[in-house]
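Here come two complexes built around chain A, the first alongside chain B, the second alongside chain C.
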Partner chain A sequence: MPSVAVEPAAAFTVPVPRGRGRQDWRSALFVAPYLLVFVAMLVVPLAMGMWLSTTKGDLFGTERWVGLANFVRLFGDAIFLKAVANTFYFVLLTVPFLTLAGLGLALVLNRQERWAAVLRTIFFASTVLSVTVVTLVWRLVFLPDGGLLGVTAEALGKTPIAFLNDERLAMPAIAVTTIWWCIGLPMVLFLAALQQVPRDLYEAAALDNASRWTTLTRITLPAIKRTFFLVIIIEVILQFQLFGQPQLMTLGGPNNSTRPIVLFIYEAGWRQWELGYAAAAAQVLFAMILIAAMVQYRLSSGKEAA
Partner chain B sequence: MTRSRLATGLVILAAVLMLVPLLWVLALSLKDNAELMTDTASVFNGRFTLENYRNLFGNGDVFRWIANSLIVSFGMTAGVLMLASLAGYGFARLEFPGRNLLFVVVLLGLAVPEQAVIIARHQMFSWLGMHNSYPALILPGLSAPFGVFLMTQYFRAIPRDIDEAALLDGASRFTIFWKLLLPLTIPAQATLGIFTFLSAWNDYWWPLISATNKDMFTLTVGIASTQMNFAQTEGLGFLMAQAVFAGAPMLIVYLFFQKYIVQAVAGAAGR
Partner chain C sequence: MAGVQLAEVGKAYGAVTVIERLSLDIPAGEFMVFLGPSGCGKSTLLRMIAGLETIDGGTIRIGERRVDTLPPGERGVAMVFQHYALYPHLSVRENMAFGLRNLRVPAAEIAARIAAAAASLEIEALLERKPGQLSGGQRQRVAIARAIVKQPELFLLDEPLSNLDAALRVRTRLELAQLHRRLGTTMIFVTHDQVEAMTLADRIVVLNAGGIEQVGTPMEIYLRPRTQFVATFVGSPRINLLPVAIEEGPAGSARARLGDGTMLDTAIRFAGLPQGAMTLGLRAETVCVTAGDDAATHGTAEVVERLGERTLVHTLLSDGSRLVAEDAGVSAVRPGDRIGLTIDAAAAHLFDATGLGHHRAETA
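Moving on to the complex of A and B:
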């Protein structure tokens, strides 16, 4: 299951000290163990990564400071630029569909009956699987020679398509795999939002004989507008970090058509051992995610104000 | 009414499409490997065998990987719960110099994606010679600020009268934390625990680069390693049995604890 960068809004409302609490350095002992790990495992690597991005190492591990040379090289590197384009393409293939399908599922399945509960269970189930199981399953679907789609095509008298070997179809195939894996989260986020819509709004609409469509567009959708944008931004951040699916299904091929930024970083770092170059690419990705996270923060602080 | 029938029908169809790949893999895992080599469509002829699962149990690797995944996931969960509870109490209730500033810095850490730190982390563990060890697999996960954020929020929501009464009775800060407040945070502990366990169990990139020794693979990395030379494999059924064996426990746990898992995942994403 992928991780989400979360942006807390409420947390910034630090409570005003009530005056009677004594400042006592010993109290800091409660937070010290975490802060130690936080500094060692997050702050230091972050700073080191930034420094690394301005260096060029050789095979013996001695780094040389090269300023912004890695970044200049990145923006002239056709493979990196292709990886950036691939990442955006993948986000475009997955996020709108995940958002709308998640909303559609939530609207249909937001009911008490048993069958709705069973279907909700099914749609969220794949979310708990790891990326390696998911890709293994889907490779056996896409495999032209004996995969599920291949067998189906043959049974229908058609020629099986090698989805993962086709430059135009490989990324959509990875997008389908990802949607299958990730559809549960947007669905449950929308379900949670739908249950927050005040019941009396619907009762009032029923009294006015409002049609189902009017109820949906005038009451339900405006009430969950914020969740809608929140889901989009959460999914953008998540899907921006695409890595395991192409790393396991296509290795970024054919012809770099499925290599996203994170796979580029991985390969620069652990295939070519160009740590400085990989770190520079990671900084670019970090900047992009930060922008998305800032949008998310603005959205969730808007929720506080409302 | 017809429109809603149509929508329901579409959703049921989608649910079937969600299940088909899993059933396909399950069926393949129950087939003889030689038969699959000639034609995978032979799954429809109805001859099934448990041979692949028997071979799986005879092969120690998968069990070793499961044990590693259990150790890493439980270790990380216990560590996160402990550190986040202590820090959450500290940030929510105690006064010490620089508290608010430190808290904001920790929260800023939420915006840092794994990719921005993983290269340097890998180098640090290389220098320390710590790769291929449980601490290397567990420690990075303990730094995630989400737990601290969640626990701080939760401690803040507990009425202060509880600790103030105990303070008047002469209880120490730690006693108040341990005996009085911690038991009240069990719902938050459950959310955080489930979320951490699931993330740790399914984590891929860090164990992939840190655990390079086959004996230290987690299940996720182990399953990845077996599918690397997938095209040449003669044991498609065996591979599928591994996929089932790796996926089924998670799905079964999910069926039993669905409510809590959905809450934990949605809560972590939506905050």
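Moving on to the complex of A and C:
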């Protein structure tokens, strides 16, 4: 039998660099810039906030460790509980509508025509306005004397409603303002997702006799599912942090009906100088957003796997 | 099963004409291939038949029905896309059932059709998988199966083999030919690959710049190319083209004088040829390397390509023109060698200044 020359196996092995430890250390340099900023700007303040939430003191006074006393006080504070309820109510009013309306607009405006491009720009334009401008515009709309809705009501022979002074209507009014302000982002995210759907899928569906409804529910929506959950998570996080609109439109009133958690934190910290108490409220908000985002994430990845 | 008639169909995007008043008749049951280079309009033409592109003029009939005003779903066609276009979130089974459900085909029949198509394409094991879990070749099969279950009057295939590797492409090509024989349905297949066109087609439509260059059987296209474009586009290696002067030869045939002075007596009638300079077309297999004294001309071998069963010798003639000649697979020719060439002048083609081809009189 002829003998076969075999190449030494060592010739094919990849040389292992000596001094692995040093290699790892050098790799770490690449992530260091981001890591440093992340730690300095996010982790450290978060830890400091957590520490602060267990102390009692003000900007000038000395800090005193009080354990969980701030939290116990929070959950007995009717105004705080009302603020939590208000925040949830606001998120419920805005997020589903922002998501569905953003999707609807994107579906309608996902075309090549000129009018679609113009409307896309118009709907996105509100997003770039500052909260001061937005609230000013909408206060002029809601103003009972000479405001847009007031004038319209009078023209129709009805009594103008003071939306921002009505306990039941003030929060929905703020929600409408917010939706008008924020609709651009979900729309743009959905548009980006829709444009990623391969065109030949729609062509295959057209050849497969799919109705518009079937195409929407069986082709389009499954294709943009990830973006759908992304928009919900982003909007939940954003809208939980409601602050500027009630601060500028209602100052949390009437009768605390529009006071959200961030406004509560602001007032506790910077009006009443109770930094520890404000920090504790901030921790509660942080936990709420974290839980909401986690639930969303779990739901979406669960559906993804199914 | 139905034929297709295109009458004067045209398509333009703004000022750019993509298809120019094109008429074509495809009999029922034919395997028709649209062949042409990128941008010649072949895919656009297919998509016009499918209804995915509107037409600017003319009519399209499938069988007895005029379809150019109907939406794609009502034309009775099924299409296999270049990138398969499988619905990514639906299983293979659901992909195949999708079109049938939309047509409200009874569930039992859907199941039966899927089972039959899956068996014939050997994808039964893949039915519950999603397209993302399949290889390129498997996706291709699923795309074909999805077209088959619809039992269409007409199959449209848009470069369906271009995303497969070489070995799989050859196999799938064979299977498509068998599928066509088994189903007997009219098929229109778009490709830029002349080998696919030659091996699959009953007839080929060669398209160039939005118009038809030639319609014919693969051998008609190869042996009697209507234009110089067809002659160069079909055939590998590319046909040799040499500028020649023409004079009358023996028995009324055309005699061509090559740049190096070689005289070739073609079998083309001199009488019908236009005056002026012409281009001689010689397929590589009609130019052979010879060691004997029967050489029509001589040249220097520049590049020798060994393909195994034959050898291609790129030869430089004395006047500086180049010819690709064929030699046996075990050819001893090396680059730089001086070689003699025999030329089968009877198989030569002549192309006039407008690119129109002239061939020897047809022998029955």
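FYI, the second predicted complex is superposed on the first by the 244 of 306 C-alpha atoms of A that agree within 3 Å, B and C clash if a C-alpha of one lies under 4 Å from a C-alpha of the other, contacts with A are read in each partner's own complex, and residues count from 1 in each chain.
Assume a contact is a pair of C-beta atoms (placed from the backbone, for glycine too) under 8 Å apart; a residue touches a chain by one contact, two chains touch by 3 or more.
This one's a predicted model, so the numbers in the text were calculated from it and none came from an experiment.
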Does the superposition put A:Val44 against chain B (first), chain C (second), both, or neither? first
Looking only at contacts as defined up top, I'd like to know whether chain B or chain C touches more of chain A. B
For A:Arg218, select first, second, both or neither according to whether it touches chain B, chain C, the two together, or no partner. second
Considering only touches as defined above, state whether A:Trp273 meets chain B (first), chain C (second), both or neither. neither
Is A:Trp65 in contact with chain B, with chain C, with both, or with neither (first, second, both, neither)? neither
Tell me which partner A:Phe75 touches in the superposition: chain B (first), chain C (second), both or neither. neither
One more residue to check, A:Ala210. First (chain B), second (chain C), both or neither? second
Of the two partner chains, chain B (first) and chain C (second), which one does A:Leu201 touch, if any: first, second, both, or neither? second
On chain A, which stretch or stretches are contacted by chain B in one complex as well as by chain C in the other? none
Which chain C residues qualify as touching chain A in the complex? 50-52, 71-74, 77-79, 81-83, 85-90, 98-99, 102-103, 150
Within the complex, chain C is touched by chain A residues 198, 200-201, 203-211, 214, 218-219, 222-223, 225
Provide the residue numbers of chain B that touch chain A in the complex, in ascending order. 3-4, 7-8, 11-12, 14-15, 18-22, 24-25, 28, 36, 39-41, 82-84, 86-87, 89-91, 94-97, 99-100, 102-104, 106-107, 109-124, 139-140, 142-143, 145-146, 148-149, 152-153, 156, 173, 177, 198-199, 201-202, 204-205, 209, 219-221, 223-224, 227, 230, 236, 239-240, 242-243, 246-247, 250-251, 253-255, 258, 261-262, 265-266, 268-271
Any idea which chain A residues touch chain B in the complex? 1, 3-8, 10-12, 14-15, 17, 21-31, 33-35, 37-38, 40-46, 48-49, 52, 101, 104-105, 107-109, 119, 121-133, 135-141, 146-148, 151, 154-155, 180, 183-185, 188-189, 192, 212, 230, 234, 237, 241, 243-244, 248, 262, 265-266, 269-270, 275, 278-279, 282-283, 285-286, 289-290, 293, 300
